[in-house]
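Below, each structure is written out as structure tokens.
Here chain A shows up in two complexes: once beside chain B, once beside chain C.
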Partner chain A sequence: MDIKVDKRKVEEGLGIVDILGEIDVYTSSWVKEAIAEFIKEGNYNIIINLEGVRYIDSTGLGVLIGALKRVKEHEGSISLICTNPQIKKIFNITGLSKIFAIYKSEEEALAAHKEG
Partner chain B sequence: MIMSENKITIRCGRNNLRRLRLFVADNAEKCGLDQSAIHDLSVVAEEIGYNIMKYGEMGESGEFDVEVSCEGGRFSMIFRDTGIPFDPTGYKGGLTFDSEGNLEEGGLGLMLVDKLVDEWTYERHPDGINILKLYKVKGGITDEN
Partner chain C sequence: MERPPHFICIQLPANPEYVLIVRLAVSGLANRLDFPYEEIEDIKLAVSEACNSIIAGSPPGSLILVECDSDGKTFEILVKTQSVDENDGALVPGSEQDMGLHIIRALMDDMEYLAKPGSGAVIRIRKNMSA
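Presenting the complex of A and B:
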């Protein structure tokens, strides 16, 4: 499977998910499961690092929207790290760049989280 | 899967969508399109292929053809399938919210297609074939679309 998902706990309630590979109809259910498990562990504020993602389609976007719905039930948040212009374009044209906060680096995303 | 240089036959089944995507990306690259356009066309091909498989009601033994061509700086993809008639060009899709204002999953596939190609047309032939033609012009679409 052309996907790798790593999860890191930063502090209580805050975690980072690093995704590497392609999020498509094959891999999206696996990514969905990995993020859902992380949320169940109490990580309601999640930064999803898409820097290693080469491809994303509508099923991948659906996974992120689903994750957002789950964390919002706990007043949590999902923010993204993404600088790849092709991937950013997908968020821009769907309007999801207005739904998810998108940062250029992990440092920037963590700083924004601390500022609240 | 049957493949010639510019035509591929895809058997229904998610496992074959990646082959379709790679076929389109390879041909788009040969056409001289940039990485952004190649990514766009890969997404478009997969979304359309997935739609045909999911809603065409052709069963797992069903197949559809995709023919690509590159002419005068314009890349075209023609999908032919014998599934139920459906004109996706009239379906714009987009973000949807439930009654409580929560964002819902889904509805983005055809929106992506609509935004990532320059033009697309649909015809249903009397012999029961859906023909979907999609075009992308080199440098024709920007991020603002």
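Presenting the complex of A and C:
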């Protein structure tokens, strides 16, 4: 399986998901399951680190949108860490860059979360 | 029939597990055709989205076919349910509501999506090559 998903709890209700590999039509179900489980554990504010992601397609984007819907039910948030220009381009093309806050680093994402 | 030098054809099960193989093969050919890195990444994503769409619209247990060709000016990729004839007059323009097809349109120079409900579909994408 060309995908690895690691979850870290930062504080109560806030967690980070590090994804490594390619998120496509085949691997996206693993990512979906891992994030859904993390949300079920009460992590309604999630930072998803895409720095280790080499490729994402529309099914991967669908997983992120689904996760956003679920945390919104609990007034939570999903923010992303991404500097790969090719992946950022996909977020721009699909208009998702207007829906997700995208940060350059974990520090930047955590600081933005603290500022609320 | 004599095939042009850059023609490649891949036949695979209509199963998401195999889309990675198409992506690797097509990006290898795009590299051989001297596309710049950024465009190779675009082609990779477009062909994967085409495969996703064709797999979703193909009957269970069917095969899909990916054909790539270049005349030196254009790189053309045809992805279809194997049992569907791309010249079949019963094919009609398919719905382009899904995000994957929107991505293909945005990244490629041309896309044609034809479907025969219940039987499968054909997606033809083209990317112009710089002089």
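Assorted remarks:
FYI, the second predicted complex is superposed on the first by the 116 of 116 C-alpha atoms of A that agree within 3 Å, B and C clash if a C-alpha of one lies under 4 Å from a C-alpha of the other, contacts with A are read in each partner's own complex, and residues count from 1 in each chain.
Following the convention adopted for this analysis, a contact is a pair of C-beta atoms (placed from the backbone, for glycine too) under 8 Å apart; a residue touches a chain by one contact, two chains touch by 3 or more.
Only a predicted model underlies this, so the values are computations on that prediction, with no experimental measurement involved.
Bringing the complexes onto one copy of chain A puts chain B in a clash with chain C.
In the superposition on chain A, A:Ile99 makes contact with chain B only, not with chain C. Of the two partner chains placed around the shared chain by superposition, chain B and chain C are both touched by A:Tyr55.
Once the two complexes are overlaid on the shared chain, A:Ile90 sits against chain B and chain C alike.
When both complexes are overlaid on chain A, the residue A:Lys72 reaches chain B alone and has no touch with chain C.
A simple residue count on chain A separates chain B from chain C, and the partner touching more is B. By the touch criterion defined above, A:Asp24 reaches both chain B and chain C. Overlaid on A, the two complexes show chain B and chain C touching the same residues of chain A, namely 24-26, 55, 57-59, 61-62, 86, 90, 93-94. On the chain A side of its complex with chain C, the touching residues are 2, 22, 24-26, 55, 57-59, 61-62, 86, 90, 93-94.
For chain A in complex with chain B, the residues that touch the partner chain are 24-26, 55, 57-59, 61-62, 65-66, 68-69, 72, 85-86, 88-90, 92-96, 99. Note for the complex: chain B touches chain A at residues 14-15, 17-18, 21, 35-36, 39-40, 42-43, 46-47, 50, 94-95, 102-106, 108-109, 111-112, 115-116, 143-145. Those residues of chain C whose C-beta lies close enough to touch chain A in the complex are 16-17, 19-20, 23, 38, 41, 44-45, 48-49, 51-52, 55, 98-100, 102-103, 106-107.
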